[in-house]
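Two complexes, one shared chain (chain A), two partners (chain B, chain C).
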Partner chain A sequence: MSSASATAVARPARLRRPGSGVRPTSLTPTSSLSLGIAVTWFSLLVLIPLSALVVTAAGGGWDAYARALTNGQTWAAIQLTVGQALLVTGVNVVIGTVIAWVLVRDQFFGKRVLDVVIDIPFALPTIVAGLVLLSLYGVNSPIGLHWANTERAVLLAFAFVTLPFVVRTVQPVLEELDHDVEEAAASLGASRLTTFRRVILPSLVPAIAAGAALSFARAISEYGSLVLLSGNLPFRTEVVSVRVLSFIEGGNTAAAAALASLMLAVALLVIVALDLVQRRVARRG
Partner chain B sequence: MSIEISGVTKRFGDFVALEDVNVSLPTGQLTALLGPSGGGKSTLLRIIAGLETPDTGTVAIEGVDATRLPPRKRNVGFVFQHYAVFKHMTVAKNVAFGLEIRKRPKVEVAERVDELLRLVHLSQFAHRLPSQLSGGQRQRMALARALAVEPTVLLLDEPFGALDAKVRKELREWLRHLHDEVPVTTVFVTHDQEEAMEVADEIVVINEGRVEQVGSPDELYDLPANDFVMSFLGEVTTLGGTQVRPHDVDVATAPRAAGAIEGTIARMLRIGFEVRLTVLTVAGEEVSVVLTRTHARGLGLEEGATVWLTPAPGATVVPAMRPLAV
Partner chain C sequence: MVEPSSLVRWGLRLLALGYVFFLVAWPVALVVQHTFADGLTTLTETLTDPSVQYALTLTLQVAFWAVLINLVFGVTISLLLVRHEFPGKRVLSALIDVPLSVSPVVVGLALLLVYNGRTGWFGPSLEAAGWQVIFDVPGMVMATAFVALPLVIREVVPVLTEIGDDQEQAARSLGASGRQTFLRITLPSIKWAVVYGVVLSLARSLGEFGAVKIVSGNLTDRTQTATLVVEQKYQNFEQSTAYATSFVLAAVSVLCIVVVSLLRPKEASA
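Showing the complex of A and B:
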């Protein structure tokens, strides 16, 4: 199970090709070599450590596994993290698509600057992002929004670091869309809204799904940007990554591994679900 | 008259795409807008469809002023050069699009789609995606999609321009047959004079934003209004200061006819049944002449021989007034 899950986590949904690797093919010496390098590299970095994680998690037996996960504080952290990550993914799907639309279709002053600035939340070291958020929404908020130590702090941090994903996956697809197609829809009697809903949006769904998957994966793993603002209060603002760290600091490696493997399963589930959505859209008439 | 265009002018920045264009396109006919690239013919078609707005002038479709109507309210079918297919929909769904957004009953839509796919010979491809079709098939699908909504006029913008020569020729004949079967007023844009002459009932020649001439293919070929139309519709050569078609030049080996122009054969090229001569006249003109192999052999022509040239009786002749635009 570990190798399959690792493959799906490491590759964004949109990059997977149907049927790849299904047919036996003979490889040329060059492609044998590159395949060898790829598999070795991937194994060292991802597959082996992930397997080790699952082995550690299973080390204490099912009882220890269940105990670690049913712990009230841990469960609260899981609920908070997954819930807020889903929420922020939903927000990104809408706002990210709107931003991509504006960047591609509209002409306005400062467009090129905005296009560059979009990536800053992604490029910034996460602890710096945390400082930025703290200065605006923290205890000494200049705009009077005291969101420190609340659930909103978590949402805010997630939203901040995941902002570029949907924008950057949708933008190129939107740029490639033929203007002809919209004119064709209009000449067939479609209003602008109908054209968007029936012609443009379906072309964007695979890109939106890929962006959403990236955004969700990044959100559930977030640590640096929220530790300053959220306060890490047990049962209230403590997220999974903070919980994992405190398990490790407390010497409870098995519990940390159990929690980590659960998050791996959640990530896998969401990415597969988004991949299915994307495939259904791609197939649908 | 189905489409009435009066006083239409369109500028893109400094570039004048159309200047005071007045044309009437008759109902039920197949009209070609013919001209060189960048001459404004596509712009005129897009203005009829409502995809561009004219700076001045009006467009009336079937007596209704459509100048300010958005494309979706004009009931016009439009076919694009690069097909503009809805990639994520099957062939049947593409064709059904216009009917579905008009909220027609499902049964009616299915029947109509079936009928149209039969008409364009794509019935067995109904459930394929457009990416699985060839260019010619995609364009036929686009045509069926445009016809589905029973448009008042069907507009085609260089419909065969992206296809290879063989498919082009097939589709051209097929479009002519289709029009005879479904006699909807059709306007298509082309820069290929052969295509226009073969398919159209009427041709509108457009150059540099102006209408040069309107008429049937025969009228245009036999009675060109000016040297532009003459040269655009076929090969021309200059003989004694007038323009004449190379196959309309009579060649004699002795000065029999009065006013015959003397020259020597500078080059002689045979291609199949055809012989092409380049004759240098005493006045310094270079005249192209085309005649059949049999005719050339009968006259005993060879390079360096002296010949006398006259326009053939009944030949189309136009004075060469301005430098050739082609």
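Showing the complex of A and C:
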């Protein structure tokens, strides 16, 4: 049911261990050559630029690094971004699980449409996402909600772009959950709430955690949807990525790199965390 | 299956539908409505606007090259990761996922630091050799290829792992060359995974904004892509043009999702 675009992005980082049917062989001359070319391209495109970022960030020494991050306006942007990202992750943990439950266990007219609509935030270009939100929450709001250029706009944009993560990580786990266990719990006298809390929820926790980590990482790094929506007011609605961009435009590469390296660190931490969750699940399964 | 009471059930259903309606469905519907508020006039005017036309063509070019590069790179890396053993394989496999979680702004800055023509690590020598990367198409292709890098790999690797290599071994022991084995055995079985990967990469590439904004310099009629035009038109109070361009981009992305979800069940039943 869930469409590919979502699963491709929401699927937590997975260690690709060869299956039992595959006997990995050592490299032949041809495959060595293609490995060489592929790794060279990957280095030129990803590894060297990201290293340049870290080197530039570290270039001024620890003091300069700390100064760049604790500059009043930058620190305000960090606080706003992290705060709203945590808030949105909390919202997603609850609402995402509810939506996944509704998609798997409920039956009603139009469920298929809901399933497709969930993927729209993944598919839409981020700048379009911002414009889309402006149409309902901007100056000409048909329902009188003028949230543009306020802190709420940041929350709104984060919520929009992160909507599918928890849904798409929880949904497949819920689909595969064994109904027998729930029935056994119920027949042994567990109430519905107890069954949910003690039987269903524990098996969903790794998926919810993975979805939450992805939501948080995505929210922290969001840029496009905020450009038009949040007004980028210093100390009020300016997020970290916007701050990085204004550093770049102002020619302050060192400060831009310092802040960007922090964002990179969060992204790497999330990848490692997801890998750990994944391995724990694999061991248990 | 243990059923919750009908009250809880209705409550959850309403919560889910209400949230998605207010956050996604209604706003998207409004953009469609803005686009067609005065019939097809806005859309045709937008599509005949020279800078929008230029931007859409440029976007297609950049997306084409980025997808092509990711296709070749993705299939090669997938085959190497699944079929071969080499030192550093696990690290490489973990690093491949990095581009998906890194902010587009970070991507743009990282490329800028290495390839800009004045102070970049490689930029000045490349420029001396006649290659301008930043503020030109090569840089934009690189930024786009960076953000969409893992999408093909993530589709192809699971399929390669699942099908195993028995048929390939058989083909080889019967005397097929490496190229023949790839074209006649491996490629047909990963065909659909490759198609999904390409469609997903295409959607991601057409919509890239932040990274391209940084490396392109956002020069009107020179390095301005469709998403950058949306921003500029909106800020210049040409809102109907912005909405119509957004509609075109959104329609293509939604089409991509629909194509993928239509293709997928076919494979499952095949």
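The definition used in the following text is that the second predicted complex is superposed on the first by the 216 of 285 C-alpha atoms of A that agree within 3 Å, B and C clash if a C-alpha of one lies under 4 Å from a C-alpha of the other, contacts with A are read in each partner's own complex, and residues count from 1 in each chain.
As a working rule, a contact is a pair of C-beta atoms (placed from the backbone, for glycine too) under 8 Å apart; a residue touches a chain by one contact, two chains touch by 3 or more.
Everything numeric here is computed off the predicted structure, so don't read it as measured data.
Of the two partner chains, chain B is the only one that A:R198 touches; chain C does not reach it. In the superposition on chain A, A:G189 contacts chain B only, with no contact to chain C. Of the two partner chains placed by superposition, only chain C is touched by A:I220; chain B is not.
In the superposition on chain A, contact of A:A66 is made with neither chain B nor chain C. After overlaying the two complexes on the shared chain, residue contacts for A:V39 are found with chain C alone; chain B is out of touch. Contacts of A:L233 after superposition: neither chain B nor chain C is touched.
Touched residues of chain A, counted separately for chain B and chain C, are more numerous for C. By the document's definition of touching, of the two partners only chain B reaches A:V281; chain C does not. Using the contact criterion defined above for the overlaid structures, shared-chain residue A:L131 touches chain C, although it does not reach chain B. According to the touch criterion, the shared surface of chain A, contacted by chain B in one complex and chain C in the other, consists of residues 183, 185-186. Chain B meets chain A in the complex at residues 49-51, 70-78, 80, 82-90, 92-93, 97-98, 101-102, 127, 142, 145-146, 148-149.
Taken together, the chain C residues at the contact with chain A in this complex read 1-5, 8-9, 12-13, 15-17, 19-20, 22-28, 30-31, 34, 69, 73, 76-77, 79-86, 90, 92-115, 119, 121, 142, 145-146, 149, 151, 154-155, 157-158, 160-166, 178, 196-197, 199-200, 203, 206-210, 213-214, 227-228, 230-231, 234-235, 242-243, 246, 249-250, 253-254, 256-258, 260-261, 264. Of all residues in chain A, only 3-5, 8-9, 11, 13, 15-19, 21-28, 30-31, 34-35, 37-39, 41-42, 45-50, 52-53, 56, 95, 98-99, 101-103, 105-106, 108, 114, 116-128, 131-133, 135-137, 142, 156, 159-160, 163, 179, 182-183, 185-186, 192, 195-196, 214, 217-218, 220-224, 227-228, 241, 244-245, 248, 253, 256-257, 260, 263-264, 267-268, 270-271, 275 touch chain C in the complex they form. On chain A, the positions that touch chain B within their shared complex are 178, 180-181, 183-191, 194, 198-199, 202-203, 281-282, 284-285.
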